[in-house]
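I'd like to ask some things about the structure below.
Residue numbering begins at 1 within each chain, and the chains themselves are lettered A, B, C, D, E and F in the order written.
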């Protein structure tokens, strides 16, 4: 099975914040952004695995700036790390004021997806070779997030 | 300003998984669940603060079991901890197979919301008095999650 | 086949009124509430029958108070009466102003669902044993609504 | 204030049943039809009153035939009776199998709307002059439905 | 195979412009109208062919007047011309101000659909006999649009 | 007023085809693609003008290959030509089979948007300087499309 680079899975999604995406205050729902993030992440994971994928987990997500009605939201996702059957995808979310052009950082997210075979069972995915400095840094961060998750899961289990 | 109990903010939301909520495999999108979780959490935070609220962050979320087309999803949310202007809401998500009645645990989530005054600025919220053993345990866990978040934010800042 | 109590089928659904649910006046569409009522009712009927169900009829529905953008809507449904293959579900709808906490009665509804077997044909459902005083009163009202419906259907047929 | 005929308010709405309108069985939700009925009825009431309108009540609705994915639904609505500030709209719903062309009667509904002035208060609407035999029959039926509703409301109040 | 008239395929769709259909300015998205036009056109093509159909092309579409939140949109579609397996449908879109009753022409569109057999392959459709003067004029215009499209396609191919 | 390059307005949107986007055959609605194209085009026009924009027209659009449930759709839009208050945006749509990775050309579109000032009146937009060979070719094609449109509009008017 061949290996791939993070760039091979890169996806860019752009959305306009419509009235149906906003709450009574005219700002977007956190949950709406999460649902775009989940889809962008799944597309990146599918591009890496060329398999159907399911979301297994989403790491902590912190909204830094409000996103308003009419703003443009840009979501960039890319696989940062792979284990045997799972992939961690890093997602960056920015929002653009359409009138001023000002772009602000909305949130960063990291999600884990598992690849499924035709019977819905986890299946192996291609290896990942980070190439650029940025990709290597993202890979290292993903490894340490994974280690912390495994460590905490073990602590939970020992209780 | 009066204080409230976690129970005062309790909300139960039930949803049916419709075709428009599912992917090509007939299982629900993680992002769809996240958007229900965000709304249920916001309702709980509003019930505590009696203010408009915005989502500030969502802690790690892990999907334990797949949720399929036609299943019933039950989401329960309740404020577990409050700081001056923010509230941490704990959310439990279960799914029910409508034919067998089997109920499985889908995920647990914890979200932070900030209360806003009429000018959109953070505003103080009532205090929280956990009463039952369960509420006290949830409160303690929320405190330690908050401490870890503050600790990590400080580490980030020092870099 | 075992019998069940009305409580066994109880479902509580909570929804937030979003901009996409409202008309040009900022109040919710009657039709939106009806679609929530239909889903909550179907979940209750499924819990009783553990079968797929279809909506057969909805009794008169009267909206008592307007429900506005940002309000929280609480829908409670429970089977009140069963015939051989059909179930009558009673639904209570209340709305909550999120800032004042004031709760008003929006409407009461009563719907009939039929249980379907795997071939889509009507199939028998478990018996219903109302236990509390409230459940017994709901049962009696459902019986008299049913009698009136049958009476009117006969009058129609005789014309 | 001028008077109008039922025909002046006539509206025909056609919808295609899409996957997002159906349940896990591939048949449309009763609630989805109700929401189309509510909108078609509101358009008819607006055409009569040339005012914003709100749904006040929906009379009993009985689904006669299942409507499936891909079917075409035709909804026809027309004001049948007016009181000082309210209008009763009669709605006929038919479904068409797109491949065979067979058309079946899905349901009949009757809804009451109230016209609102610019301050959201009930306001008078034009009178209604039924012209054709069909319109006169619909008008009479609406009057007797209204009388029954008023009679039952009085009985309720006297208890 | 029998022939049909344009009138046999006629469809009228009425929609109310809801907040979820509008942009930040309170006017409807062009894309929303296009999606209604596509569905109305598909229903007309299905009524002619009594087959599943897919959209092949949409001719130039020009929006003449803005359509606002709360307006009623009326879409009328009818087959104007048929080739062996394809049908050209002409669609007229008008918008109505619900308070003044003023109706304005929004756009005219012409779409081509292909009929598919049970294996998803193009299949022959009934012939079309335009009867009224209007239908004959629409037929002639459709023929000349088709000739221009074929001419331009040939020019493209020769490059 | 400064000038801009076509690249300044470039937008890439990626969407996954969900069950709610498809018809009974499991292929996407033409109208759904049109609505994505309209939004992507509007974002490009907004980036050029830094003003609110409305869709004025859409040129002929031809769907070359079916797009199925689960496919990924990539939409790229960029301003190709500007007049005083209007902008022509060229949009390229491709679809990707998520399992095989095969990418096919779905359609090309060209839309015209008008920039609006704060009172909703047309307002001047920055000039456009095409730089690359590709941008110059797109600009020329847009000019000839515009000339043809003006020519045809004049012919219409003379009749």
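Please note the rule applied: a residue touches a chain if its C-beta (ideal position, glycine included) is under 8 Å from a C-beta of that chain, and two chains touch if they have at least 3 such contacts.
From a predicted model like this one, the values you see are computed outputs, not experimental measurements.
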item: Candidate from B-F, B-C or E-F with the same interface as D-F, over half of contact pairs in common; value: B-F
item: Reference chain C; chain at largest CA-centroid distance; value: F
item: Distance from chain B to chain A - Cα centre to Cα centre, in angstrom; value: 20
item: Euclidean distance of C-alpha centroids - chain D vs chain E, Å; value: 28
item: Euclidean distance of C-alpha centroids - chain A vs chain C, Å; value: 40
item: Per-residue multi-chain contacts in chain E, two or more chains; value: 16, 19-20, 23-24, 39, 42, 52, 70
item: Arrangement of touching chains [line / ring / star / complete / other]; value: other
item: For the chain B and chain F complex, residues of the former touching the latter; value: 19-20, 22-24
item: Partner chain A, residues of chain F touching it in the complex; value: 11-16, 39-40, 42-43, 46-47, 50-52, 70, 72, 98-101
item: In the complex, chain F residues that touch chain E; value: 23-25, 27, 29-32, 34-39, 42, 52, 54-63, 66, 111, 116, 120, 149
item: Complex contacts: residues of chain A adjacent to chain E; value: 16, 18-20, 69-70
